[in-house]
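By letter and in written order, the chains are A, B, C and D; residue numbering begins at 1 in each of them.
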Amino acid sequence: MTRTGPWVSAAIVAAAVLLSGLLIAVTGGSPAAALRALVQGSLGDATAVSQTLLYAAPLLLVAAGTCCSARSGAFNIGQEGQVLVGALAGAAAGLRLAVPGPVLPLVVLAAAALAAGTWAWLSALMHRFRGVDIAVSTLLMTFLAQQAVAFAVTTPWLLQESRLGAAAALPQSNKLPPGALLGSLGDHPGLQLNLGLGVALVVTLLVAVALGRTRWGFRLTMAGLNPAAARHAGIPVTAVGGIALAVSGALAGMAGAVLLSSPLGTNRLQPDISINIGWDGLLVALIARNRPLLTIPVAGLFAVLRAGGSFLAATGVPPYLVDVVKALLTLAFVAPAVLRRQPVVA
Amino acid sequence: MSGLAADLATILSSGIRLTAPLAFAACGEYLAERAGTLNVSVEAMMLGAAFGSIAVAGLTGSATAGLLAGVLLGALVGLVHGALSHRWHVNTFVVGLVLNALVLGLTSYLVTVGELGRHQVAQVSVPVLRDLPVLGAPLFVERWPVYLLLALVPLTWWLVERSRWGLELRAAGENPEAADMTGIRVNLRRRQALLWCGALAGLGGAYLAVGEVGSFNQNMTAGRGYLVMAAVIFGGWRLGRTLAGCAVFGLADALRLALPALGYTVNSQLLVSAPYLLALLAMLLFTTRERRPGALGQPFRRTS
Amino acid sequence: MAPEPALRLRGITKRYGAVVACDRVDLTVERGEIHGLLGENGAGKSTLMRILLGLETRDSGTVERDGRAVTVAGPRAAAALGIGMVHQHLSLVDPLTVWENVVLGDSGPVRRAAARAGVRAVAERYGLTIDPDARVGTLSAGERQRVELLKCLRRDPAVLIMDEPTSVLTRAESAELFTVLRRVVAAEHRAVVLISHKLTEITTATDRVTVMRAGRVVLRRATAATTPAELAREMVGREVTLGAAVGVLPATMAPVASSASAPAASADALRLDGLTVRPGLDGLRLTVRPGEIVGLYGAEGSGQKTLGDVLSGLVVPDAGTVEVAGVPVDLRRPGALLAAGLGIVPEDRHRTGVVLDLSVAENLVMTRLGDVSGRVFVDRPALRRRARALADEYGITAASLDAPLRSLSGGNQQRVVLARELSGRPRVLVAAHPARGLDVGAVEDLYARLRRCADDGIAVLVISTELAEILTLTTRLAVIFRGRIVGELPTAQAGSARLGLLIGGAA
Amino acid sequence: VSNDETASPAPSAAPGGSTGTVLPGEPDVNGDGRVVIGVLSPGDINDNGYYESFVVKAEAFAQAQGWTVIKRGSVPVSEALTAARALCRQSADMVAIGASELKDAIPASEEAVCAKTAWYVPSSANVPQTPKIMLSSDDPKQSMLVAGYAAGLLMQSRNTTKAGFVTGPEADFTKIASTAFLAGIRELIPGATLVTTYTGDFDDSGKAREATQAQLSQGVGTIYPYLGGATDVATALANSARAITLTPGTDRCASTSPAFDVSVLFDPGDYFAAALELYAAGKLEMGITKTWQLGVDPYPTVKLCKGTPEQNARLAAFIADIGRGRIDPAAEVQKLGS
């Protein structure tokens, strides 16, 4: 298996690429042009690169958080909802709090992290007191989060956009003032780097160090691998798991705040502001096998697919097909990583 | 008075139509979960089948052929999911989520390629019984596939609780290592369970398309797969309660959609969240009585 | 012409990377014999049997059943060939009922009534009473073993393999098992392969023995023609002080006195008072003084497991106190016992003693992380140094200290636990079934270490179902029955009659 | 205290057309020798309705001119900006936005990458004017009021007073549409009632169908399926109960399965086609708002599919009154307390 591994990987990626190309060709497009567009749109020039990096930032935050929870044995799959809750709280803070200038973006970030962390922690509480499965409750709470955001942006006394005269307000909040947003990282011609990326990288490195080098990380890993042995060794397992889950939620929430600030979006709270970043971030962590440093390249790959896919759609390839291509490529990149490990039991 | 009876009949028949797709799929998801797969791709199974059923109905001119095609397509998704997660050991959540995205993209694209048209299976109307007050119309005037539930629910129950296959499924879901020692091909059983799940979820999706609605539109299952997962949780991994969960969700939706017509208004976000809230509440209240498979969601690989 | 042997293995070889688990093993098992298979930890016994069951693929060699070469694709194929196995780690599914477990692995439709009746019939034939409708999860260790045996016997195997079947059984249960096995070979002419570390069992129960060392067969002989001493020597490859090895001494022999026969009159190091956990413990009282080795003896299911869980910090008692060195311990705080100076070698080390997926080094330091880290960061070099020192001191053999603990054999895993718990210089050491699964050499070493602990002034509590172990090691023993202490006496005065009464709860 | 940037809306740029600018080189604004029209739509561009019509008209016109059209449907609102930038980088000469939900793409028009691009933005809601874009707006209250009036005409002839309105999410614009529709019916039948059901999703046909069914069971004689992908399913059901049906935006009087009684035309494609004609002629100005007046311009309008001459006349008169300003839709809606 070990020797055939690379070949199998290559074969699978090739198959996915071929299949995608075939699909595009069948719909009358040019696979070569599509591939060019995919690369062009994600890495082609400074603008493309900045798109990619802008996508990478929230993905990275979600994935880094997921590493914490997964390592502690709390399988969080509600990141999508946590991103939304973070965005909701961030938007509320950004629009409603009167905090002096430079502090405001930090307040937005903190509010998002706090709210989403608490939201995720609820699942830990349900697990602690009623034995409710964490994967299941975090998943269910995602749907609640979606409805909560929908409610907030369609309710005038909450966050619904103010009406311009008689026109209808869309289901979204007002734009956040520039003072509430994470700013740009310097001014490079063509290269738009949001501070969000810096936050994401720093957080990911911190998580990597925390998990790999600190007592906290060691205890968390132990609690995840064998709760009984960990308890014996003096680790308050449920508390450690709860904190890891809350951290995971908080980082997903920060991803929500980063999306709110990101030049990719509209700087408003919208029901679909999470653009599947939560789900994709979970995939990133799973593919990186919960190793924070590995999430960096994997998140990069996902970001490339997103930015390239968005550009590809603009070349006339039907956007749904772009989603299909993305899904196929994701499968291709997931499968070999696992194939390489062990012989398979039927 | 007859007004009330008529209102009840309306809500009830609407409830049955909204429940049926969930119930079919829930039988499948229940079985897959008893075998140890927390199957997220049930949404993909339903959606793919909904599309396939209308497309094949259009090609063959037979809505029944469409229904069958839906079942096969659902099973195909199950086959792919099984191969990836229980043969090649790709994380089952990853597979599920990616399959959902894949099928959503593919069907959304294919629906733009050609005109699919309207196709619907025949309606059954049982003489005499249909004239019963309140229950008559809801129970005895329906598209015929609904009545398949009468066979498939007991069959699913029998398969899980009484058949050798089901015994081995349960062993695979509870303690795969022990099952393996005993000579049960754990991953094979799990793949087979996913096939059954796919077929039934496919039937649910196909029923939605060629049974109830008569046409396909983009993302027409709109998250029903996740609702089905919630139903299994709500049911505490018991078939009877899972189906009761589906009925609660279906009736709640029926009520929500009927209430404005009856002169009431309710917050729509709250009602859309209701099934998920209910599932959470059920878990909070009945956790001790649930029968969660011991190895749910855990991959099996032989180690010494 | 002599009848073909029931089972003949020739030149079986199995490698795991650099480790040769089985090295050209030949083994012949005749019909109508109980064949003992012995070997130190990691000798390759389980691997050999897994190959026989088709759970593992061999690298080379042949398997013959009744003289025909066969390939075994898996447990089902093995069953079809008449090979059945009772596993070291039980292969039962807890939420299923007894009869469901028993028919698991059959084929054809499930006939409930017939299956239940079948279970009852087999149970009756061998005198293994069990309720076919009971959920396996609710059964005791002995009962589970019975189910496992039933499951195997119902398939009518010609060859029955038992991998350490008695390690969790009481003497009475073991005796019952051997009665059944004797019948199986004598009356029904089956072949039995018995793997055990208990030499007395091997010498009394088997007809022939094969001894393995480091993957090779080193001795093949009729049991009558060998002695425990020879077997022990062949297994370990050196002379073993037989007096120290459990299962070698007849239970009536006088114990080897501990050197610290008169413990200092200092305060109790461990005081358990009124410990109550429902169900399990019922107002248990026990004290251990520094330098003393106290044995807690009782049949399986008398509450030792619960006591172990309490002392591991896994269960918070409903009532009662634990005092270490005179200071009450707040049992709700995780790790409080550890901090108070109580080390424990738990009964089920896979569950509570080790983290199989962490490295050997990490397992060696995990309870004393503070010693190898600052306030925030873990000092990896220090961790490695400490682990290396402990591994050397306790003779832990591992390919690498960075390898996952999972890759170690059972005996070495046990050593890791002991090394770690003693490295904290505890005041009290609790050892539950410490010799379980260890080979003779390892047991000798273990007992020596426990005695040294006592000499160093540590209070040692040994929890065991092995009378020989208790008699060999302890200076004082307490008998537990239904969650409470029903009698305490100096080991020297422990006559078997009196003990028998105590164990039965009569005294 | 509030940080809301838009809390007190700035007055939009001067109406009329005097401040507009024509981009050099129209229609090949970026001068690369070919004309590329990029269209972004928030909805399903194969919905047989609102979103599809926008694209269809553009495509037909562009093909006749030998232009290239890049169309992209189902653009998530939060990806509007990115999608627009991508279009500019595909050297689109014009970026057209299918509906005002995607208004957040507009900032891209100020960016360097879109410097040589014309912008067409329909704005039924909350879109401020900028010099870089051409706004095309109508007042949904007008068409919904008239839709109600047309429904009222048919309801009078059938003697029903209960109407139903089935739509997706409960949002400001669906609420306003429903209220204006009722106001229109009340112009003719003061005691009329309207049941509004929000299914939560424009495209969930299963739910749309059940909502329609519930309304029909309550004796509703008119169904307005103000939906997207689920329109046809709801309409077909209403047809089977012989209820009066209306279209959400396009002219589908020719359709028989399902069949519509009233076509409510506020088809963004019609506005867009008109703008494209100007563009082809090099006369489309940026920085202006074109407001489409019911009763003045050919669109928006409302049409009875099988109206009697008398009904048609009354509808025409009502439309004309709005055009002349004799009826103020906002005020009519106000009466119901929107």
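The definition used in the following text is that a residue touches a chain if its C-beta (ideal position, glycine included) is under 8 Å from a C-beta of that chain, and two chains touch if they have at least 3 such contacts.
Just so we're on the same page, UniProt names per chain: A, B = Simple sugar transport system permease protein; C = Simple sugar transport system ATP-binding protein.
Everything numeric in this text was worked out from a predicted model, so none of it was measured.
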Selected interface, A-B versus B-C, where C-beta contact pairs are more numerous: A-B
Label of the chain whose CA centroid is most distant from the centroid of chain B: C
Inter-chain centre distance, chain A versus chain C - centres from mean C-alpha coordinates, in Å: 47
Centre distance in Å when chain A and chain B are each reduced to the mean of their C-alpha atoms: 29
Chain C and chain D, separation of their C-alpha mean positions in angstrom: 77
In chain D, residues with contacts to at least two other chains: 74, 169-170
Junction residues of chain A, two or more chains touched: 150, 154, 320
Chain pairs that touch, as defined at the top of this document: A-B, A-C, A-D, B-C, B-D
In the complex with chain A, residue positions of chain B that touch it: 38, 84, 87-91, 93-95, 97-99, 101-102, 104-106, 108-109, 112-113, 180, 185-188, 223, 226, 229-230, 233, 267, 269-270, 272-273, 276-277, 279-280, 283-285, 287-288, 292, 296-297, 300-302
Chain C - residues contacting chain B, complex: 46-47, 50, 55-56, 74-79, 87, 89-96, 100, 103-110, 112, 151, 406
Residues on chain A engaged by chain B in the complex (per definition of touch): 27, 75, 77, 126, 130-133, 135-137, 139-141, 143-144, 147-148, 150-151, 154, 279, 282-283, 286-287, 318, 320-324, 326-328, 330-331, 334-335, 338-339, 341-342, 344-346
Residue ranges of chain D touching chain B (in the complex, touch as defined): 44-47, 74, 164, 169-170, 195-201, 203-207, 209-211, 213-215, 217-218, 220, 229-230, 232-233, 236, 257
Interface residues, chain A side, partner chain D - complex: 41, 47, 51, 94-98, 104, 150, 154, 160-172, 174-177, 179-180, 259, 263-266, 268, 270, 272-273, 275, 310-311, 313-316, 319-320
